[in-house]
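Before any comments, here is the structure.
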């Protein structure tokens, strides 16, 4: 039972992190490899602020979300838009965005590493404190409960937004066929910026919740999460909202299971192995839409 | 809509008069009930035809009637849903595209597909690189290692397509029509036995079209079989010995170019489309 | 000169291993295979080299040869598994492969030394060996960029369908790309362990991918000269940038980001483009008239032709 709880709270963090990546990849074809450093750096900014003032929980979250959204939009404008403008083919653009993301991620990482000397940093100075509640023989922290609720609520809200709202529809149209979408009068640039901002905000939020949960993170922790998020997205199927939730909790379940079954640190291999298996057996993912190729 | 035609009802008129096609000669290529379906779209739907040596064949048909897909199927770049393909009487519908190409089946594409970082000369040499059927004495090792040698076939192809002077240009520096000629030269330099040209003169003016037409006719020797997809009906009449008409993935007529163009099926295919466009 | 060489010996060694690592990723990229498996092969090579020397008392040259072949084989098998994938998916599958190598290194028990890794790898390896191997690799890669092979590699990258229609067995080229990348990465890793004498899981993994990619992005991905430029810059720059002091990593990051966004073909690509445009200008000046080209497209076909067809057929009726 305690294991199930671990799965759900770990999965919720994965979900929050992967949600933003899935959103940009599924709609505007941006697989943003600086998502991990946005995640880390927005938390890092909050950490720096906490050095001078003790902020309440909500203020910490607000700072991280704002920084995340801002970074994400900046990266879109300064890098990805430029790449798309120059690339000869869509395939080239996709690869270059991946590489550009990896390159850009070095910058925030270097700043944080320089400042922390690569040591872990946390948000202890916040006026928020982590409590553990005991229900029967279950132990759960207030931050875990919050993470689970926030992840599920945001996931649902995003799914509904994509399905119902005008912008959401337009975004899904871009994801299916960018040319038709722009013929329909969709302002791709503005929508792309909104999408990137949402994704960045989610990364910031995930960073804060993750850090409160663990106590501290290292500047490098974004990298591993990045690969895990990729595993989650392709497991569920690129562009599928149900898929990303399924992938997040499935990966968490696998990891918790491996953790209880083996000694050592094989748990890291789960997501990497999963990537291989999914790509080999079902490249479209569990909930993936069939690729429609057009000439 | 046109009523579905079966092979029996086709107004077949046989090889064109005056065409040097040997009547008893074996077909270079044969398609037998070839189908290519993309999900529900039957792009090619039961096509059977023969391509003869020393003959220029043409395909006409409205946009989307499956002409390019048929060429894709013949070259094995597009997957067949069903049917048989035979080259020199040998089935090859399960061979990969590269093996088919090495049987000396050359093609051009509907869009220009030149390699941007190679010069005109190198782009054409890429075609000659695949030649295995006429390899003379190998050039010396050092020359080969440094990649300096140019095949004689390349010079010939450049001459035939009138590309002298453009050898050191890069594709992006050429006009569209010239780019298309480079593609044709690349296909010719492979020394093909079957040459498939998908709208080679799109974007060319009348003079250039006439040049290409003359070029293709000059190639009608040595057993080469050609298949030309074009929209320009006059050019088809002037160039081809035998024309196939396609609509909705099916053959609706074949025979002498003039007869095919005048056949009621073809007129309906085009006029029907025209009416719809104006509706 | 010789004292400069001696004081900078470590950097010279790092340049050569870095160059081979960069080539191990560049060779597949040149064939349109976005594989980072070379970085995994490098990690594999570090450990395999250490194991062969420490546990099997092997000499330097056989160690390198065997490690290279093994790594080539491993990456070829990976390639066979994921040959069908493309673009991002292929790239990420190979990233996963690299990370799996790290996890195996951590969990490999005595063989890999767990989280401490293996150390004390001393052999008869000399700088002569190192220069010779580096030169051989460089020459072979350079030859693959010329002539028939070079053209065909270009075709496989730019347009696999076209390549197939030219009789090129694209699948075979892609598999060779995997194998070659494995050999290069494995040899680089083996040489690294022979000069460094120690390896731990921290030395391999994601940062290695970033390093190799960095060299190629900045140097240029389409020629061995790009890899040389990248390897030189990123081995020597940190040393030169020591002047800039503690912000070296940041400057490094900014350079990479700018190159990735603005110079997708790297510094070598800038050189090639400049050369080409100078040539063009010179040619234009020289033969302003002779190059009078065919006029631009007059009709793009379809509608006009169909419109022309209809009245014609009506006339014939």
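Order of writing sets the chain letters: A, B and C. Residues in each chain are counted from 1.
Following the convention adopted for this analysis, contacts are C-beta pairs under 8 Å (C-beta built on N, C-alpha and C of every residue); 3 or more make two chains touch, one makes a residue touch a chain.
All figures in this text were calculated on a predicted structure; none of them were measured in a lab.
Among the chains in view, C has its Cα centre nearest the centre of the complete protein Cα set.
Farthest chain from chain A (centres taken as the mean of C-alpha atoms): B. Centre-to-centre separation of chain A and chain C, using mean CA positions: 29 Å.
Computed from the mean C-alpha positions, the centre of chain B lies at a distance of 38 Å from the centre of chain C.
Averaged C-alpha coordinates give centres for chain A and chain B that are 50 Å from one another. Residue positions 116 of chain B are each in touch with at least two other chains.
Counting partner chains per residue, chain C has no residue touching two or more of them.
Within the complex, the chain C residues that touch chain B are 143, 146-152, 154-155, 158-159, 161-171, 222, 276, 279-280, 283, 290-291, 293-302, 305-310, 312-313, 316-317. Put simply, chain A touches chain C in their complex at residues 31, 78-79, 82-83, 86-87, 91-92, 94-96, 98-100, 102-104, 106-107, 109-111, 113-114, 223-224, 227, 230-231, 234, 264-266, 268-269, 271-273, 275-276, 279-280, 283. Those residues of chain B whose C-beta lies close enough to touch chain C in the complex are 62-63, 75, 77, 96-98, 101-102, 106-107, 109, 113, 115-118, 122, 125-127, 129-130, 144-149, 165, 168, 170, 173-178, 190, 199, 202-206, 208, 231-234, 261-262, 266-267, 270-271, 273-274. Here chain C touches chain A in the complex through residues 34, 81-82, 84-85, 87-89, 91-93, 95-97, 99-100, 102-104, 106-107, 206, 209-210, 213-214, 217, 246-247, 249-250, 252-254, 256-257, 259-262, 264, going by the rule given at the top.
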